[in-house]
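Okay, so chain A shows up in both of these, paired with chain B first and chain C after.
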Partner chain A sequence: MTRFIAKHSPLFILAALCLALAAYSEVFRSTANLQSVATRTSEIAVLATGVLLVILTGGIDLSVGSVAALGGVLCCMAIKALVAAGVPDVLAVFLGGLAGAGVGLGCGTLNGVLITTGRIPPFIVTLGMMMAARGMALIVSGGNNIFGMPDAFLWLGGGKVWWVPIVVTVVIVAVASVTLSQTRFGRALYAIGGSLQAARLSGISVNGSRVAAYALSGLLAGFAGVMLASRTSLAAPAAAEMYELEAIAACVIGGASLMGGEGGPVAALAGALIMTVLRNFCNLQNIPVYWQQVLVGVLVVALVYYDNYRKRKAGLITD
Partner chain B sequence: MLSPGAQSLRRGLLTYGPLLTALVVEIIAFELIGRRQGNPGFASFNIMMLVLNQSAIYGVMAVGMTFIIITGGIDLSVGSLVALCGVLSALAVKWGGDPVALWIVVGWGIALIAGTASGAIAGLFITRLAIPPFIVTLALMSSLRGLGNLMTDGKPVSPLPDAYAWLGRYQLGGTIPVTVLIFVVVLVVGIVLLHYTRFGRNVLAIGGNEEVARLSGIPIARVKLWVYMFGGFLTGIAGIMLASKLGSGSPKVGVADELAVIAAVVIGGTSLSGGRGSILGTFVGLIVVSVLNSGLTWIGVETFGQQVTLGLVILAAVLLDRLKELA
Partner chain C sequence: MITGPLLEMRGIGKRFPGVQALNNAQLKLHAGEVLCLAGENGAGKSTLMKILAGAQQPDEGEIIYLGEPVRFRSPHHAQQLGISMIYQEFNLVPQLSVAENIYLGRAPRRSGLPIIDWRAMNTAAEEALARIGVKIDVRRPVVSLSIAEQQMVEIAKALSFDARIIVMDEPSATLTDHELEHLFELIRTLRRQQLGVIYISHRLEEIFTIGTSVCIMRDGEHEGTYAVHELEREDIIRKMVGRDLKDEFPKELFPQGRERLRVQGLSRAHAFEDVSFALHEGEIVGLTGLVGAGRTEVARAIFAADLPDAGEIRLDGETIRARTPKDAIAAGIGLLTEDRKQQGLVLGMSVRENTTLANLNAVCSGPFLRGKDERAAASKYVDELRIKTPGIEQAAQFLSGGNQQKVVLAKWLFTESKVLIFDEPTRGIDVGAKAEIYKLMNELLRRGAAILMISSELPEILGMCDRILVMHEGRITGELSRAEATQEAIMRLATGSEAAAV
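What follows is the complex of A and B.
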């Protein structure tokens, strides 16, 4: 039992947190507020799922925030151009979404190739991509927000039916979870993070799997950018700034190890929710944004320490 | 068989060759493009001093970051800490009043203590509680930014007496900025500490292989704690320099500075997995980026384009470094 709780401690922390806050605050447990918390978590959760794939291999992806901004901007520009060219709204939105996710896939693949074939540290490659993608987003948009989107675009972000982004996020997390635990690719990622050398010697296509991890992280980042643009019904080239750190923090609060080989998408989702719930509670209590910055920092350390402590007690890690 | 002198020259060239080549190519390219645009003079003493002046604040932080990265750690909090230390040094002057000179020095002291304390907190959490450096310093990044904003209600601390800006703006003999002098002193201290003391050898050993270092009797926790405290202290110096240069202590400055500083360290050949690196390399890496920034402005590339170019050049520089390893 102890072992079970320790293994899934992020989920229990989240549940305990939600119960405590719901018991304390009437506003927190109102349907409208819970909806808004869930909707607002969706983009971070999608980003975190992608980043998790990379973290599992022992790498890191700092570019997801910028790539999301680039994806959102390109998606909205494509939609506006297509609509202006007389393409039906729904088709234009679909193609625009593809363009946004596609550019993410491109950026991610480039990251992966430079890291594996170029043998440059992931931190540096994705840091470079972070600057380059943000610059591209600013250049193609001329530094301006893009708005005046067709009505059909608002579906994805929950502008029509509120639960759409939540269902999309849950599906993405579920697919990632099944892929990681049930497929050869998923097990390869854990193996690579455990020991790159051992994975190579046991015949895993190490470089192929790593490129795929970065490519998928880019794809999900581009898609998260489309979701964000859809929810806010505009694409801002300055959007999603510092989201990479939020996504990484979500993974780590969810128990992922930055050394690789440890972590899961459901736990990362729990990590993302823990952060949004705390922020939301601070907002409801009118705690100034500045205090929130302090609190989030303190809580990240406290939660990670608690997670480590439980795992060590249950004998899940030894050192 | 080469003589020892020639050997060390050869090793030096192999290590810094690609970066130095990149630096020279950059300077010549910007000079030539500038001339074509009817704007010669990039390759001049004044511009190079300007570049040094602009890199001084990053540079002071980068020296500390080099030590931290060599131990296999990382410090994401420097951008927030540099703002907080600047705010503290400015608040002391604002609240202290007369005599101004005394309170400026008190402000420096407070900023340095705060920087060192923040480093100590990071070091203690990392060594005593075994929380990864990335997490501890990510949390500090958020908390310290919040603290800086809370102290000043999010507004810059100003106006301050003119004397406050002396450190950041005064130029010795009208040519050499005080900030550049501080930068040079910090560089020299860093080089001596890393390459010529037992402490430096311990730092390199820990990053190379922590288990081996432990078995050979190096007090790992204590060395790491000192490394983070040293990094925090230097960030305190950088905070004082920055606030003085701006003439006000703003809680909003330094956002994403940690990434620029880490980039400079890594471009300079320090390995993020630890155990390998040098202060001189960090210096050259920083100057390569800084010359690029100034050069792009010199030839009139707008900010958006600069970001893209900067990203690409960082990749190119490190790729070049890899090719050298293969050769």
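What follows is the complex of A and C.
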């Protein structure tokens, strides 16, 4: 039982936190507030799912925030261009979404190839991509926000029916969860993160799997950018700044090890929710934004410390 | 001066999740004694030593040190009180000098200043080495020293803490015979200085060479402590294993079948040159030689872990051109690496996941894993190989060395490879588990596999191989049949003092 709790502690922490806050604050438990919490978590959760794939291999992806911004900008520019060219709104939105996700896939694949074939450390490659993608977003948009999106674009972000982004996120997390636990590719990612040497000598295609992990992380980042643009009905080249760190924090709060080989998408989603719930509560209590930053920062470290402590006690990890 | 024992550990118990690692373990060490700690893997030797070193706390029992009950709170605390450990993997910082390593974290300062007094430190380090009769330039970086020299530095470092007790865990594993003789001489010096030495080794003959008494552990319990002269080799094995081990090397001869693997003119720059040999169905060919002769490199090249520069590899008559281990595995070659913790296993993964890792095809439909088949496969091997584990979901890191090696074996059995290369398959494994691994090799041969066994342990090579290839400085210097092979003949070829025709 203690092992079970230790293994799934992010879920228990989230549940305990929600119950406590719901009991304490009437506003928190209101439907409108819970809806907004869930919606606002969706982009971070999608980013975290992608980053998790990379973290499992023992790597890191710092570029997802910038790639999301680039994806959002390209998506919106494509939609506006297509609509202006007379393409029906719905088709334009679909193609624009593909463009946004596609550029993410391209950036991620480039990351993966540079890391494996180029043998450059992941931190460096994705740091470079973080800067370059942000720069590209500013260049193609001319540094301006892109407004005036057609109505059909608002669907994805919940502008028409509130639960769309939530369902999309849940589906992505569920697919990732099944992929990681039930497929050969998922097993390969865990094995690579556990021991790259042993995985290679067991016949795992180490480089192929790593490139795929970065590519998927990029794809999900591009898609998250599209979601964000749709929810805010504008694309900003400065959007999603620092989201990469929030996504990494979500994975880590969810028990992922930055050494690789450990973690899961459901737990990462819980990690993302824990952060949003805390921020939401601070807002409701009128705690100043600056103090929120301090509070969330302290809590991230404290939660990870507690998680490790529980796992060590339950004998799930050793020093 | 105390009259009683230097150290006494009584009724020590320690539980880990799923296992009782120690149960009423005992140990008594007198000054001037070399106590050998013997037992199978998983018998609790390491745990008992970790408790002595302060790295782990016992659940029950007491420790009497220098006549007083103590508790070693941390490795630092134990060291301060005079207990020094020398592990198989050295705790030296490669880039720092010998003197810096000996005085790491406690370098002498210039009076009143936070500046290291290099001259004082180097002089003190020289004295520490002189005390054990070793001459090494203390300014050299540790990385430039041989393994044996590094070990001497470790011992000098241990003594510089005014150690009363020195624990050596498998100190001989990586030493040549000559270096080992030097180590024994040093241990005798320590005895004369009235230190207590606890010596752990899987090589039983060393117990008789250097030990004064032997403490045997079995299943976490104290089996007994004996004076070395009371026992024969067979007695120790029987007490460790808990039963008679009829045959240390259960060699079975199989009719030699068709050629499975042929290696022709294999070369790799700076590693080995022009290596040619063949492996037949049902035979074990030994590949031996001194450390650094290029044996592991040949194995890695056949397995495509490193690519050879020239040469041909044929499997069942067909040339294979593997570019990665994945290709080699698909062709039917398996490699059990020397380093099982880093390369053989994913330690954080379960027994189940490790078992199927090299042959996920067999438990997959398309991209999806068939969980039920996977669990069945893992359970089957746990039973067949008698892997001691609380279950197939246990992480490999929590198993003992012998059981870890069995999991590696399970992984390769599951691939149904035609040719298996075993690199030092029994290093650090106790006699009981060794015999089981040899029996599994027999089983593989019965199923038509061919085995190449790399080993530095000549008794094992002589006991289990049908033919023996000897390497010296990257070349095969000779081949011996089972009948004509002797330790002397192998050593002559291995040292290059005689180049026989291949």
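Convention: the second predicted complex is superposed on the first by the 319 of 319 C-alpha atoms of A that agree within 3 Å, B and C clash if a C-alpha of one lies under 4 Å from a C-alpha of the other, contacts with A are read in each partner's own complex, and residues count from 1 in each chain.
Convention: a contact is a pair of C-beta atoms (placed from the backbone, for glycine too) under 8 Å apart; a residue touches a chain by one contact, two chains touch by 3 or more.
Keep in mind that this is a model prediction, so the values were computed, not measured.
Q: Which partner chains sit in contact with A:183 here, chain B, chain C, both or neither? Use first/second/both/neither.
A: second
Q: Which partner does A:252 contact after superposing on A: first (chain B), second (chain C), both, neither?
A: first
Q: Does chain B (first) or chain C (second) touch A:290, or do both, or does neither?
A: The answer is first: A:290 touches chain B but not chain C.
Q: Which partner chains sit in contact with A:304 here, chain B, chain C, both or neither? Use first/second/both/neither.
A: first
Q: A:90 in the overlay: touching chain B, chain C, both, or neither? Say first, second, both or neither.
A: It touches nothing on chain B or chain C.
Q: Taking the superposition as given, does A:262 touch the first partner, chain B, the second, chain C, both, or neither?
A: So A:262 only meets chain C here.
Q: Check whether A:125 is in contact with chain B, with chain C, with both or with neither, and answer first, second, both or neither.
A: The answer is first: A:125 touches chain B but not chain C.
Q: Between chain B and chain C, whom does A:202 touch in the aligned arrangement: first, second, both, or neither?
A: second
Q: Classify the contacts of A:194 with the two partner chains as first (chain B alone), second (chain C alone), both, or neither.
A: Second partner only.
Q: According to the contact criterion defined above, which of chain B and chain C contacts more residues of chain A?
A: Looking at chain B versus chain C, the one contacting more residues of chain A is B.
Q: Which chain B residues qualify as touching chain A in the complex?
A: The contact residues of chain B facing chain A are 76, 125, 129-132, 134-136, 138-147, 149-150, 154, 259, 262-263, 266-267, 271-273, 303-312, 314-315, 318-319, 322.
Q: Residue numbers of chain A touching chain C in their complex, please.
A: Listed in rising order, the residues of chain A that touch chain C are 3, 182-185, 187, 190-191, 194-195, 197-205, 261-262, 314-315, 318.
Q: Using the touch definition up top, name the residues of chain C that touch chain A in the complex.
A: Going by the criterion above, the answer is residues 16-18, 303, 305, 324-326, 328-330, 335, 337, 342-349, 353, 357-360, 364, 367-369, 371, 397-398, 411.
Q: Given the complex with chain B, which residues does chain A contribute to the contact?
A: Listed in rising order, the residues of chain A that touch chain B are 62, 114, 118-121, 123-125, 127-136, 138-139, 143, 245, 248-249, 252, 257-259, 288-298, 300-301, 304-305, 308, 319.
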